[in-house]
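Just below sit the structures, each encoded as structure tokens.
Heads up, the next two complexes both have chain A, just with different partners, chain B and then chain C.
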Partner chain A sequence: MTLAELVCPAGTPAALRTAVDAGADTVYCGFRNATNARNFPGLNFSTDELATAVAYAHAKGSKVLLALNTYPPAGQVDLWREAADTGARIGVDAFIVADMGVARYIATKYPEIRLHLSVQAAASSPEAIRYYCESFGVKRVVLPRILTIPEIRRIAQEIPCEIETFIFGNHGLMVEGRCSLTNYVTGLSTNMDGVCSPAADVEYRREGDGAVSSCLSGYVIDRFGPDEMAGYPTICKGRYQAPHRPEGYYAFEEPVSLNLARLLPELIDAGVHAFKIEGRQRSKSYVRNVVSAFRNAVDDIRAGREANIAGLLQLTEGGRETQGAFETKKWR
Partner chain B sequence: MHAALTLGPIAYHWPAERKRDFYARIADEAPLETVYLGEVICSKRAPFFERDMPDIIERLERAGKTVVLSSLAEVMLPRERQATRALCEMEGAEIEINNAAGLHARAGAPHRIGPFLNAYNEATIAWLAQNGATHVCLPHELPRASLAHAAKAAGEIAIETEFQVFGRAPLAVSARCYHARAHGRHKDNCQFVCEDDPDGMPLLTADGTPFLRVNGIQTQSESYICLVREMAELVAMGIRHLRLMPQSVDMVAVAETFRACLDGKIDSEEALAQLSETCAQTRFSNGFFHRVAGHRMVAGSMPVS
Partner chain C sequence: MAYSHKHEVLNKANPLTDLTAPALTVLLAPLLGRVVKSLSRKHPAIFERLGPHTKTGYIIDPTNLPFALFLQPDPERPVLRAVARRALPAHEALIRGSFDTLFELIDADADGDAVFFSRDLIIEGNTEAVVSLRNALDDVDGSIAADTADLFGPPGRLALGFLRSRADARSQRSST
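And now, the complex of A and B:
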């Protein structure tokens, strides 16, 4: 059995301490700029904050991963190099990267520091993963959320590195690292700026009939009845009309979140080394609840006990959840 | 500096006969120097076209065009891995690679880098060049300043650069087929409903605004990117290959307009007027280049600074 390392989100120094205290084996975080894929206002770390956070985590036996997982546009690569230099100086345990230029820089300059391949690199076949392992010495791949468990098992047998999979949180529909929907609508890029459906461009518009339109930069991403709670206008979770669907439908996916609580033992058996919880944009209390629940579940599974799945399922109570592609390829 | 017009691979599931007729006319009439062929979006579609490929390649080459074979953007299933390996291990053919699985199979032999491979910057381009890349198609969302920087850096190491100047923007890909989903199916029993939408299936917002286009697993922009006004600046940057993406319009007319503008026979405003007539159903956008929302059409192009 693999270690089933629990990799938890840390959007702020407070969330990092919370995650560590709640039993995270590992936390991941980013700097307060475009070098990571959650470049949201009020989130992330300054250099000093990261240094303090790494010291805190290490003192408690947890590891810290630094996400440098966006794609530097030409002419701005230095920002990513400096972030890597700073991370190395502070002593992070690994870098999470997507861009080949960034991967190469770190592999050449800091060969002693582990490289993890971000989901943003979209490596979804053994050949693609091997390419990154052979080129840059990648030690772990974060798999896209598009594979079934039998497919993950086959990949594990064909690659020379560890596997990390998402188990909980937001469920993006597009291949990560290959989506410019936000840039098309707002002028800010997910790949280059680390931004997805940015809050500054969101507007909830009350219509004449009492309905509420949830808009992003003027585009109506979804519309809700007077008694419904208006959802956030994430482009790939919107309701649109098509020639065969004049009534409007969720063209890509319903607004559901991922919860693989039931599948943890199968994932471990398939060869998954680490479980990733999404949510660097989430509150401290959310992080505490989710991390401790999964901590208990993973400890139970490791000890051969039945895990308290009901507790994990309650985490998404009220919200709708999915096992996505992991359960069946019919999801595709 | 001479600039070449290229024709990207057909993104849609056009019937085989339509593809044969399309490429016959491209071979005979269109002022294009390079034509990219192959199924890039959905591996299920590929068998429909394979039988015709040798004839189409021969016809295009006889007409003096360079033919490049493009690999799949998404590689996950056994058939996709197999198709990518077979293509990228071919000797003698010019190929364009769109997925890192293809780079692995190519093992350093010469190749082009496709727009789905995310060559965003000079460091990545240098790495790819060291490992056999000779030509890079830059991502469609790169803004002007980054394009200039990337093209300059590529030029210094003798790497050719290319950029899409016409056609719907390839905004996203997924493992899920949204065409099948719209018809209550899934990818494995899709019955090729995507064939009904030769220019993509329109998605409108709740207030009826045309927004996106679905093409199987791909999501495209409603607008056609049109950089005819920015083209001279792209060429001045050193981007010598300008890519037109096949849409359901008269692509020979589109190519002729771009060529006439490149050759100085018409100015860019006249070219834009002609293109607007050829593509009367669709609005244009150039926002990505100008570092504003991609769907926008910004007036004029600043001179090179």
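And now, the complex of A and C:
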């Protein structure tokens, strides 16, 4: 059995302490700039905050991973290099990277620090993953959410590094690290600026009948009736009218969250080393509830008991959950 | 740009609310002033997270109370005051929900996204301002509600205990 490391999100120092106290083996976080894919207002860490957070986590036996998982625009690599230098100085346990230039910089300058390949690199074949391992010494790959468990099992047998998969949280996947939908509408890039649907471009309009329209850069991308659950204001979760579906439908993805709690034993058996909980943009309350639920589940499985995960549904988007492609390729 | 909001449903005449709101807003002024000043002193990091939104005017509207709140988280001169729902001051962002929902949020017991998904929380106006405020307040160890209760000593903590047990009872009801 693999260790089943729990990799937990932290958008603020308080969330990091909450995750560590709730039983996170590892916490991932990012700086307050475009070097990571949750570049949201009011979120993330300053240099001093990260240093204090790393000391707190290490004192309690948890590790800290620094997400540097966006792609620097050509010729503008300084911000990413400085972030890597600061992370190394502070003593983070690994960097999560997507861009080959960033990977090369860290692999050359800090060969003693682990590199994890972000889901944003979208490496889903043994050939692609091996390339990153051989070229940059990548120690772990975070797999895109497009693979079934039998496929993950096969990949595990053919690669020289650890596997991390998402286990809970937002499920807006498209082709990870390649999605340009938000860029098309707002002019800002998820992959380079680190933000999908920037809050400054989002507006919720209340209609007379109690419905709410969610708008991105002035375009209405969904309309929730008075009694309908809402979702994130991202283009991939928008509801669109088309000639064949004049009533409007979720063309790409529905507001739904990934929850693989029930598949944990199978995933461990397939060779997954680490499980990632999505949600650096979420609150301490979310972090506390989700991390403790999965902590108990993993401990139960290790002890040979049946894992009991109830009560996570109310934290899911649209109040709905899915096992996505992990369960079957028939998913969308 | 100031955002002006139409209160189609909530502005319906409510004689009790209309009579009590002006008196309450005056009565609450010193109390709320003390709360916001004390929280600003205790948590200066909040202002850094707010970035440009320290000058933003927020309306926080607990739908089942007879008044709303106006917040301007300016580190130099923080403002928190009760305002009549019928005559809201100019504001850029509005956050509306039942008192219970808003209490659970400032007590770090509810998740902002989850109560938005379930439609218990309504956001209007400048979304970036709302997201910044939410993230800034969430980066507080313990909770804003607990800090506020502490300000009022044993009666404050008694009230907090009462509100927390109500919240627990609600969440048990919703999970059964």
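Convention: the second predicted complex is superposed on the first by the 309 of 332 C-alpha atoms of A that agree within 3 Å, B and C clash if a C-alpha of one lies under 4 Å from a C-alpha of the other, contacts with A are read in each partner's own complex, and residues count from 1 in each chain.
Methods note: contacts are C-beta pairs under 8 Å (C-beta built on N, C-alpha and C of every residue); 3 or more make two chains touch, one makes a residue touch a chain.
The shown structure was predicted, so the numbers you read here are calculated from the model rather than taken from an experiment.
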item	value
Broader residue contact with chain A after superposition on the shared chain, chain B or chain C	B
Which superposed partner A:256 touches (first chain B, second chain C, both, neither)	neither
Touching partner for A:301 - first (chain B), second (chain C), both, neither	neither
Which of chain B and chain C A:231 touches, first, second, both or neither	second
Chain B versus chain C as contact partner of A:282, first or second or both or neither	second
First (chain B), second (chain C), both or neither touched by A:88	neither
First (chain B), second (chain C), both or neither touched by A:204	second
Partner chain(s) touched by A:309 [first = chain B, second = chain C, both, neither]	neither
Partner chain(s) touched by A:79 [first = chain B, second = chain C, both, neither]	neither
Partner chain A, residues of chain C touching it in the complex	8-9, 48-51, 53, 108-114, 116-119, 122-124, 126-128, 130-136, 138-141, 174-175
Footprint of chain A on chain B - complex, ascending	73-76, 80-81, 84-85, 99-101, 103-105, 116, 118, 120-128, 131, 139-143, 145-147, 149-150, 153, 169, 171-178, 181-183, 186-188, 201-209, 211-212, 214, 219, 221, 287-288, 291-296
Complex contact set, residues of chain A against chain B	71-77, 98-102, 104-105, 121, 123-128, 130-132, 134-135, 144, 146-147, 151, 173-175, 177-181, 183-187, 189, 191-192, 213, 217, 219-223, 236, 238-245, 248-249, 251-253, 325, 329-332
Parts of chain A lying in touch with chain C, wherever the complex brings them together	11-15, 17, 40-43, 46, 198-200, 202-206, 208, 210, 212, 224, 226-232, 255, 281-286, 289, 310-311, 314-319
